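Next come two complexes, and both contain chain A; in the first it sits with chain B, in the second with chain C.
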Partner chain A sequence: MGLTFRNETFRDDFTYTNSPSNIRRFPFPFVEDQYRYSVNIEPHTPGPKGSPFEYHFDVDEHYVSEMRDRAMVLAADPLRCQALPHMMTAQWDMLELLMTSLARDYPEHFTLHRDGSAWHWINRPLGIDQKFTFLDASTLPYQPMEFIGRQVQGDFSIQDQRDNQLWMDAGIITSQADWSLDFDVGMNFFEWHGPVPLAHEAGVFERALKFLLNLQIGKPVRRLNWTMTINPRLDTSPENYHKWASDRMTVTPENVGKKVHLRVEMQGLFRLPRSNAILFSIRGYLMSFEQIVTVPKWGRRLPRVLASLPPELVEYKSLGRYRDMALAYLAPYDDGAPTSPGGGPD
Partner chain B sequence: MTVSTIKSRPIYPGLSPDLNARRNIIVCDKAGAAAVAELFSRAGSAFAERATIILADSLSATETQTLSRDLAPAAVEIQPTLADGIARLRQLLETAPMGLRLYAAGSEPLIGLVVQAGLDFSIDHLSIRTEHRGSLKRRVQCVHCKTFIEDVTTNPVKCTGCGLTLLVRDHYSRRLAAFQGVCIDAEVPGEVPPTEALYL
Partner chain C sequence: MSGNLLRRVRVAEVERVANRIKRFRLVDADNAPLSEFSGGSHISVVMHAGDRLLRNPYSLMGAPSDTSSYQISVLNVEDSRGGSKFMHENVSVGTELEIGQPLNLFPPAKLAKKHVLVAGGIGITPFMSMMNELDGLHSDFELHYGVRSLEDGAYCKYLQSRYGSRVNIYRQDQGQLIPLERILGDQRLGTHMYVCGPKPMIDWSLQTAKLLGWPDENVHSEQFSAPPPGKQFLVKLARSGREVIVRGHQSILEALEENGVDAPFLCRGGACGQCETQVVACDGFIEHNDHFLTEPERVSGKKIMICMSRIQTGSITLDL
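Presenting the complex of A and B:
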């Protein structure tokens, strides 16, 4: 499929950008002109060829550079990857799902040979060639979740299911939208969503939990979530909040189009076969406003959605410092014409 | 107790006796001891006879005498600090029999550390009977340097580890037995709201 992996950074000089051909495949999250809070879960079935929904785990031009950034985060803060002791079976479930998916969907980049429990994994873009014994963690250089988690874009958490609850008992989280795995590990579904405004009262989490407790093997689901990030920074963790929050003060009317990025998470949920746990993939996409407005439909819709956000969300997503500048920047791209339903470009 | 919209913030329903428990372990501080005395007056002496109380607080000789009398006929062990009390609790849990019920009464840090110890021994947190009494002080973890700050009575509070000024959130981790502290002036260093004594 001719992917050329970009060599770019998500910190310091921030050389990250999307190639022109990558812009239209951005999973623009707003399906209508007004913001509305909803669970918006749909089956994670194959989408159009070339779209980020084509496969369960999307690999794109940012793959190699994102994995380099993850390695830097883990070297500085090993607590970004944690698994409670009872999660080892689920870790292997995750490794199996990711390796078999990638080898099937991207055969030019990944190969998996399996002979009983003797497995051989080849990752060509990252130059990894690993023989190991499935279900024997001593044959891998890291625990299974970390070994494969260092090779797949997006963050991952694993939810144990017991007492009619989901418990976030493992995860590898290095590019999060301001939540701490180290703080949240071991919490249940309502607890780790504790800080989210409005949704608890609307019953969103109760409905979502009920739905997820019944998630079936082989029938994954997905949803889109979003926030905004200043500069294409992956590591917007609370741990480093004191280092990146001041970026918000650097936005000016002149640089807003370059600095402000819409950050979309494609979240996938997969029932795991041995552990009965749920794998939660949080695959992030970043695009600057100046790239978003190159798609006329998105340039019209984004200012309409931004203007309709309830104040609680503006605060929760910390948009207050620069929202007016963003709206002023976007205003010329909204010519008042109607937009077509759905998030995709026309 | 503060009512919070954040669902991770624990709720303490108040002590109630498990009359079927073969043994009761109760951890409390001075303020919590009053709740334990009330529990005993509701539950009767047979219940109290099956109870071991770890009273973790610094007490005068008179207080020791009075409280031991108020809490009779339970066996009362005095521990001079909360840390000593929790160490003693862990020792008891090592050899705890089936049919044990765990109780905690007093400050939130005390309850949190009892629940945390219980989790380490596979005791479901919802099975632990809890009552908040006395000080509103909190145990806070700095999300940046991971230092635990004990006996926090103000918001914001200065981290004793890295020196950042932290907003104390209501987001609570049972595993860490702590509320989360996040740098309050990260956007504009020095832009700090006045310190309020919210948790005295």
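Presenting the complex of A and C:
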């Protein structure tokens, strides 16, 4: 199946939107009407055909435009992509995993020829044709993580594993929900999760770390995370806080359906074989409330979930200023009918 | 969630490399490429030895980038529970086996300024891939390898020819001992020490490092030991209400598997923590044989690593 790539923007005039056919494949993260915090990690095994879970790395209609936005962010702020010197092997691990996955899963768009260490990569949507020597970074125009990171939707960080800890020692992060690679680089698992409310007390991070330290080659896992973003903006970074934080003030009862977007991250975790590091993929999906309510089940469930959020999370996800407007907008779509289990549409 | 992805492999080569030590080269049964791995990794090999199901861990010794085959070395242990004997007597070229994916519980510290590797006997095996990796990264390392004699020590000549003066071999039959105190007493800051070998040697090395003021974070060890045998006892499973007898030569995990109970595990050596299980009740004394639980956790009696630990006698109720 060939994809038709949309030409759209994630800043200024914000022309981003989902085509009608793309709406139903949105990874709606709420599996029940009541909000409940959980680590919700599951094996990253192939999901239904056409769903964002079909392959390890999902490519959709926003691909080309998202990559253009990433290039703009990197041009303005090169520190969004950083790797500590001991992460070079892991960078190659990442490049290999992404290239082999994309070439296998989307052969009409990507091709990889390998002859020993002589590799030839073809990316048709972005018009890239690159011959290089595997494990020789001087043969690529960027370091390996940046080279492939500029060609795959979603942010990536690479965690080194040592002293029974994970350390965020590399990453390419340009579409983050208000966290900074430049601030977090070199931190360990507990340190970079420091700001998350409630979960520390519940021992969630100790259990999650223990689980990840034993993550096996060939057995990746995934989880969904979510927040809200005003306007379909990818780069909601602390570095550019002055550019987007005031967007929250612009939400009115009239525009809330268009402005407020549910932002879902499909997070994947992969053990990298050569480096014993862990690749963390954060693949973001944005959909306006206006589009969410076109799926009746989601229109019923979203207001119920928003109404049940604990106050700490309302604050952590910065929803306070517009939650009531959002609830008022969504109320007509909840007819009180029961919803089916799971996140998918009926 | 339990266990490990299994892959069928075929033995492509068997070579006697020293007294009681054989090297096995394994290829994918369908000749597909194997996964790359990192230095210090091991695999578990599944063996159907008679009516017993064994899974023994063996370090990978080849080049981590070589995806055409894996190499392991097996010492025929005299008081073997059957695993190494099975490998020596029942496995030959063409035999098919099942293996797990590589797992690394003994990686070199990537930020170390220098690596001091200390091996005793068959404990040389994880250092084979580790040195290959360190050499490729141009990292500073030295090996100190204690053997009973040149006939008992595997790969001595190979290591000396490949790594030259970075390899130091100590022959017990010549009265040579690893001068660990001198070696560890004269290293610059940022050096990491790794030891693999028999338990007394590991204990001695860790103790020596401690006495010389080495930080715990810079000292690493790996030991593959079989679950120590004991007397038969009873395991009660709180969730399913089932009861399983653990025989004297079995681990709890093996007894559960024999009875079709799916329990979590990974390394089967008491190191990775995957099989940590809550103890609901216990009327016997727990023998903790793992390297994972902390001292307070052991004293509490509320947790047990079922791949290695057992109780002396009586019964134990687990949250399974």
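Basically, the second predicted complex is superposed on the first by the 346 of 346 C-alpha atoms of A that agree within 3 Å, B and C clash if a C-alpha of one lies under 4 Å from a C-alpha of the other, contacts with A are read in each partner's own complex, and residues count from 1 in each chain.
The definition used in the following text is that a residue touches a chain if its C-beta (ideal position, glycine included) is under 8 Å from a C-beta of that chain, and two chains touch if they have at least 3 such contacts.
Here the structure is a predicted model, which means the values were calculated and not measured.
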May I ask you to name which of chain B and chain C touches more residues of chain A? B
Tell me which partner A:His200 touches in the superposition: chain B (first), chain C (second), both or neither. first
Let me test your reading of the model: by the given contact rule, A:Asp160 touches which partner, first (chain B), second (chain C), both or neither? second
Between chain B and chain C, whom does A:Thr227 touch in the aligned arrangement: first, second, both, or neither? neither
Touching A:Ser281, do we find chain B (first), chain C (second), both, or neither? neither
Based on the superposed arrangement, let me know which partner A:His242 touches: chain B (first), chain C (second), both, or neither? first
Report for A:Pro273: first if it touches chain B alone, second if chain C alone, otherwise both or neither. second
Using the touch definition from the top, say if A:Gln216 reaches chain B (first), chain C (second), both or neither. second
Is A:Gln176 touching the first partner chain B, the second partner chain C, both, or neither of them? neither
Touching partner for A:Gln82 - first (chain B), second (chain C), both, neither: neither
Write out the stretch or stretches of chain B touching chain A in their complex. 5-9, 141, 143-144, 146, 164, 169-176, 180, 182-183, 186-189
Could you please specify the touching residues of chain A with respect to chain C in the complex? 86, 89, 160-163, 210, 213-214, 216-219, 273-276
Mind listing the chain C positions that touch chain A in their complex? 4-5, 35-38, 41, 64-65, 101-104, 107, 109-111, 137, 217, 266, 272-274
Per the touch rule, the chain A residues reaching chain B in their complex are 79, 180, 182-187, 190-195, 197, 200, 238-242, 244-246, 248-249, 321
